[in-house]
Amino acid sequence: MPLLNQPVSLSHYLLVGAILFACGIVCMATKRNAIGVLMGVELVLNGAAVNFVAFSAPFLRGDAELALGLDGHLMTLFVIVLAAAEAAVALAIALCYYNTHATIDVDQGDELRG
Amino acid sequence: MINWHTCFFLLFATITCAFAVAVVVSANVVRMAVCLIASLAAVSGLYFLAAADFVAAMQLMIYVGGTLVLLVFGVMLTARGPFVSMKITPANWLMAGLAGGALLILLLCAATSVDAWKTAAVAASAPAAEGGHTVAPIGMALLGIRVDALEQANPALRGGIAGYLLPFEIVSVHLLVVLVGAAHLARARRRRRPAEAVPDASRSA
Amino acid sequence: MPVERVDPELVEFDVRTDEMLINMGPQHPSTHGVLRLVLRTDGEVVSSAAPHIGYLHRCAEKIGENVSPRQWIPYTDRMDYLAGMNMNLGWAMTVEKLMDLEVSEKTRHLRVIVCELNRIASHLVAAGTYGLDLGSFTPFLYCFREREKILNLFEAVCGARLTYSYIAPGGLIADLPPGWLEACERCLGELQAVVPELHAMLTSNEIFIRRTAGVGVLSPEMAIDYGCSGPVLRGSGVKWDLRRDGQPPVARMYEDYRFEVIAQVDGSYPRDQEYPPVPPEAVVGDCWHRFYVRMLEVVQSIGLVRQAIEHYRRSAGPVSEPIKITQKLPRGEAYLETEAPKGQMGFLVVGDGTAIPWRVRARSSCFCNLSVLTEISRGCLLADIPAILGSLDIVLGEIDR
Amino acid sequence: MIAEYLTTRFGLPEWLACGGVALVQCLILLGIMMFAAALFTWMERKVAGRIQDRLGPTRVGGRFGWLQSVADGVKLLAKEDLIPGEADGLLFRLAPYVSFCAAFCVYLALPFSNGWVAQHLNVGVFFIVAIAGLEVFGVILGGYSSASKWSLYGAMREAAQVVSYEVPLGLCVVIPVMVAGTLDLVAIGNMQRGWGVNWLVFHNPFLFITFFIYALCTLASTNRAPFDLAEAESELVAGFLTEYSGFRWSVFFMAEYGSMYAMSGLGAILFLGGWHGPIPLAEMLGLSYANHAVLGWLGDLLGAGNFLCKAFLGVAAMMWLRWTLPRLRIDQVMTTCLKYCVPLAAAMFVGTMLWTYALPGGLLPRSTPLGAVAEAPPWTAPRAARGERP
Amino acid sequence: MEVGLILDKLKQRFGERILGADLEAADPSIEIAPAALAEVARILRDDPPLRFDYLHCITGVDYVQPDAKKAKSFPWEVHFELLYHLSSMAHRHRLVLRIKLPRWQGGVEGQLPEVPTVSHLWRTADWHEREVFDLSGVRFAGHPDLRRILCPEDWQGHPLRKDYKTAEEYHGIRTR
C-alpha cells in the first residue's frame, strides 16, 4: 500500500470520494425505505463534492497549475445547495407517498396512481 | 512523513468511510441517519483540510445543519413499527454489492492512475493550517468577478474561467421553486372525521 | 373581534402524522394531582381529551355514612384541601339546615372572615399554578408567599395549616386568639400590594394573553349545561354567585356585606376598583377571563374580610358551640350548596334519627367543571391542554372524594 | 505560535508540539466550559431565587452556596442511571455527548480576546453558527431514542424550532458580517475598538434592531425560556429529557449552558464590541504590543475580561427572561420566527446594506474593515501577509 | 315559582305519573314515576316559566338495613331513591325530583334498577349518572357511555349500596 506512506495527496481524497460514491450506490440499490434511498443519494453527491474540492486544491497535486481552484469550490457549493433542494423535494415526495400509501417501502410504489 | 495534515486526513477519512459503510450496512433507518450525519460532518473536516474553508462551513451549516435535520425529521415522521428496519434479501445484497464493488474498483483505479495526483506539491500542512481564505473570492465569483484568476498564466484556463452570476441566480430561483413545490407536495389530503366536522359552540363563540 | 382559533380542519393540511394516543398523567406535572387525560393527538393538535378520574377516590361518602357529622368534618377538609374552611362551612351549614340550627352573629362574621381568607388562598394557588402551567415559575412563588401568610393566620386560629376542621355544625371550635385581627389586617394590606404585581406578571403579560385569550372558550349556555360553577361559570359571563344568589342560609350569611359578583356582563366588569384592562384578544369564557375573574375575586374577598372584621368587632357575645359528636340528627334530608372558591360545593345529608347520617353526598364543583374539559379542548394544541386545565382550577381531592 | 516556539526553542518535533498545544487548548476550553456550566448552575439558582423573592442556595460551601454546583454534580453522579427498556440503547447513550460535543466545538473558533482563539478560522462566524446548529441532533436523538411519546414530542418541537430559527439567526449574523466585510471573528472584534460608540450595535439603527432579533433567535436556538418548548415541563413532562437521569442528564445540561455562553459570546463579538470595553482603557493605558509584548498581553487579558463579562451579562439576561416570562406555544414560536423574525431580519439586512452604501464609514469616523484586519497583532495575521513563504 | 305551582303544572300535564310531593320539607320535592323521568325533565328544562336550566346533583340513596337486628327499627320501607336537585338561574327557584326504584330490577339480586337518562338534557348528568351507576348501582337507560368513573373499571359491586361487601382482595392487594 504505497499510498499510506506518502503525504496526503489528491489520490487520497479521490479514494475517499470513491468509497463514498460506491457506498451511496449500494445504499440506493439495497434500501427499501424511501428515506434510506435518499440517504444513498446524499452519499453519492458528497462523493462527487469531495472530488471537486480535492481537484481544486493546488497543493495536493504535482501539477498545481492544473488545479480547479475556485471553480471546484463553487461547484461544490452548488452541489450542496442543490442537494438541499433535492432533499426537500424528495422528502416531500416521500411524505406524500407515506400519506397516501401508509408505507415508506419503495418496492410497493409500483403503480402510477397518486 | 507524518504531519498533522496526514493525521487529521486519516482521522476524517476513516470516519467518513466507516460511517458511510455503516449507512449501507445498518438496517435501522434512524441509525442510518445518525451514521450519515457523522459521515458528512467528517467530510466537512476533509474540506477544511483541503483549504476549502468556506465550503466546509457551508457543508456543516447547510448540509449537516439543514438538510440532514430535515432528513431526520422525515425519518421521525415515518419511522414507526415495520418501517424502522426493513429486511433486504441476500440476492439484493449480492447484486448491489457486485455493482458497487465494480464501480469502486473502477474509481479506485482511476483515482490512482495519474502520477501527478499522487504527489503533493508542497508539504500539505502549511496551506491547510492557514485556511483557504476563499470567502471573499467565492463571493466575488458569485457576483461574476474572478479575483483569483487575474494572474492566471494559462490563457486556455483564463479563457475558460467565467463568473458565476448566472448560475447563482438560476440556483436561487431554483431553490425558491423547489421550496414552494416541496411545501405543496407535503400537504396531506384533508381528512374529515364526522366527530370534528360538527362545529362546536366554543368555536363559534 | 375575530379570534385566531386553532381549527383542526385548518391545521390538518400540514404534514400528516399518525394519530397518537397519549396518557397525560396520572403522573404529569400539570394535571394538578392524579388526573389522567387520554389525549388523541395528531401532531400537536389534540382532537380529543378524555379525563379519567378516580385515582384519589377515598370513599368519603361511604365514610360519612359511618361517622357522625362532627366526625366527618376532617374528611371534608380533605376534599378541596386548598380551601378546607369552605368545605367545612358547606358541610356545617348543611347539617345546620337539617337540624334547623342558627348560629350567633359573631360566629357568622367569623366564618366569613376565615372562608374569604381561604378563598384568597385558594385563588392564589390557582393563579400561581396557572403561571406554572404556562411555564412561568416566578408568580407561583409570589402567590405561595402570600398564601403562607394566610396559612399562618389559620394556624393561629385552629392549629392547622391545611386541614383545619375549624368550622363545625353549630358553630366554630374556637374563637380568635388575641391580636389575630390586627395580624389579619396587616396581612390584607400586604396582600393588596401584591395583586398588582401578579397582574403585571400574568394578567397583562403579552405572552400570557397570547397563551390564554381565545383558548378554551366556554359559552355561558354550555357552562350552565355542564353544571359549571364558580369562576368557571362567571368567567363565561354569567353573574351568578351563591353568596348573593344562594339558598337562604348562604345568602343570609353575606346579607350585610357589600361586594361585587365578578363577571363580564354587557361587555364590562364591575368597576368598583382599578383593574387591568381586558385585552382585545380575549373572548368571554376563555382561559384569560377565568383567570381574570379569580384575580378580581381576590380583591373582592380582601374587601369582604375587611368588612367582616368590622362586623366581628361590633358583634357581642361568644361564638356558637358546635354540636356534640353524639348529637342525634332529625329524620329528613337537606341539600345545600355554598360558594366555595372552586365553585358551588353541595352537600346532602339524610338523617334517620340517630347520630350517624343515613346518607351523605358531596356534590363537587370541580367534578362538573372538569367534565367540560373534553368539550372546550377539542381541536386545541397540546400546549393548550395545561392552559385550559389550569384555568378550570381543579383539585382532585374534591373530584374523586 | 507557541508550537513554533516550542519547536524552535526546545527542538520538539512539530507534530508533538502542535499536538501538545492543541491538547492544552482543548483542556483549557473544556475547563472554561465546565466552569461556565458550574457557575451558571449556581447562578441560575441564585438569580431565580432573587427574582422569586427568596435566597437561593445559602448553605453548601459557605455563605452564598458556592459549592452548590459541586453538590449538584455529586448528586447527579450518584443518581441511578436509567435507560428505558424500549429505548435504542446506543443512540440513547450517544445523544448527550452529541449535544455536548457540538456545544464544545463552538468554543474552538470563539476568540476570547484579540487573537486568543484555539483555531483562528477566517470563516469563524459561519463555523460557529453551523456547529451550534448541530446541537439539535443530540436533542433529536435523545428524544427519539427514549421510546417515550413525550420525548418524541420534545424532539419534534426542537427539530422544527431550531431549523426554523437557524434562518433568522443566520440573517442576523450576516448583517454585522456585511458591515465588517469579513467572516473572521478576530477581525470583526478588532474593528470595534475605541469608544463604545464604535460597537457594531451602534453602527446604524438597523444593526441596533438586529441585535435584539439576534438575542431572540439565540434564546430560541439554545432552547431557553420562553422558547424552551422541547423541554416544556408543564406540557411534555420534561420533553426530550423525560427519560434521562443522572450523569447523562447533566451532560445535556452542561451543553445547554455551554451553548448559551457561546452564543452570548458570539453576540458580544458581533454586536457589542467583543473584547473592547466601552472605554478604550487598554489604549489609554498604553497596553499594546507596540509598547511591549507583556503590556500587549495585559491588554489582551483586559480584553478577555471584557469579553467574558459581556457574555456573562448576556447569560444573565437570558436567566432574567427565563424567570420572568411564560412560555410560548409552538405555533406562536413558529409564527414569531417566520412572520416576524425572518422578514424583520431581512429588512434589517436591506437597511444596513443601503446604510453602508450611503455612509461607508458609519456615522462616526472609524478604520475601514480591511484596515482593521491589517492592524491586528502581527501573529494573528495570515502568514502570507507577514511576508513569509509557506 | 313556588313548588306548589310547579306541582300543579306537572300534575296537569302528567297526571298519574306524578306520584307525590313533599312541599313542607327544607328542600321541597316532587316524586315522579321512573319511566316519566325523561319527559318530566324535558318539560322542567324547556317550559319557559319553569326553565330548570341547572342540574346540581344526582344522588342515589339506598334504603335498606342489612343488619337484621336493626331492621326492625328501620324507619323507611326498603327501596332505592334517586334525587335530582334542580334549579333555575333565570327564575331563581329550585326543586328536588324524587324517584323511587326497587333495589333490584324485578327483585332479582344483582339486576340493577333502570331509569331513563337525562344526560341529553343536562350535559352535567353525564358524569353524575356515571357516578351514581358506579357507586350506587343504577343503570341509566340511553346513557351514551355508562362506565365506572371513580372506581376501577373492573371493580366488583357498588360501594354505596348498604349491603355492599368489600371484596377480600383486588388484583392480589388485600383490601381489609
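General observations
Each chain carries a letter (A, B, C, D and E) given by its place in the written order, and its residues are counted from 1.
Convention: contacts are C-beta pairs under 8 Å (C-beta built on N, C-alpha and C of every residue); 3 or more make two chains touch, one makes a residue touch a chain.
Because the structure is a prediction, the values reported are computed rather than measured.
Dropping chain C from the picture separates the other chains, by touching, into A, B, D | E.
Taking the mean of each chain's C-alpha atoms as its centre, the chain lying closest to the overall protein C-alpha centroid is D. Which two chains touch most often is answered by the contact tally, and the pair is A-B.
Once the centre of each chain is set as its mean CA position, chain C and chain E turn out to be 26 Å apart.
Measuring from the averaged C-alpha position of chain B to that of chain E gives a distance of 71 Å. Taking each chain's centre as the mean of its C-alpha atoms, chain C lies 46 Å from chain D. The mean-CA centres of chain D and chain E are about 67 angstrom from one another, to the nearest whole unit. Shared contact sites, meaning residues of chain C that touch two or more other chains, fall at 15-16, 222, 375. Counting partner chains per residue, chain B has residues 3, 54, 58, 66, 68, 70, 73, 77, 122, 126-127, 186, 188 touching two or more of them.
In chain E, no position touches at least two other chains.
Here chain D touches chain C in the complex through residues 48, 51-54, 149-150, 153, 156-157, 225-226, 228-229, 232-237, 323-332, going by the rule given at the top. By the touch criterion stated above, chain E contacts chain C in their complex at residues 25-27, 53-57, 59, 61-63, 75-76, 83, 85, 89, 92, 94, 96, 122-124, 126-128, 131, 135, 148-152, 159-160. Against chain B, the residues of chain A that register as touching in their complex are 3, 6-27, 29-36, 38-40, 42-43, 46, 49-50, 53-54, 56-66, 69-74, 76-78, 80-89, 91-96, 98-100, 103-105. By the touch criterion given at the top, residues 14-15, 18-19, 88, 90-91, 94, 120-123, 126-127, 129-131, 133-134, 136-137, 140-141, 144-145, 152, 155-156, 159-160, 162-163, 166, 170, 182-183, 382-384, 390 of chain D touch chain B in their complex.
Against chain E, in their complex, chain C makes its touches with residues 53-54, 57, 59, 61-62, 65, 97-98, 100, 222, 224-227, 238, 240, 245, 247, 331-335, 337, 344, 346, 348, 350, 352-353, 358-359, 361, 363, 367-368, 371-372, 375, 400-401.
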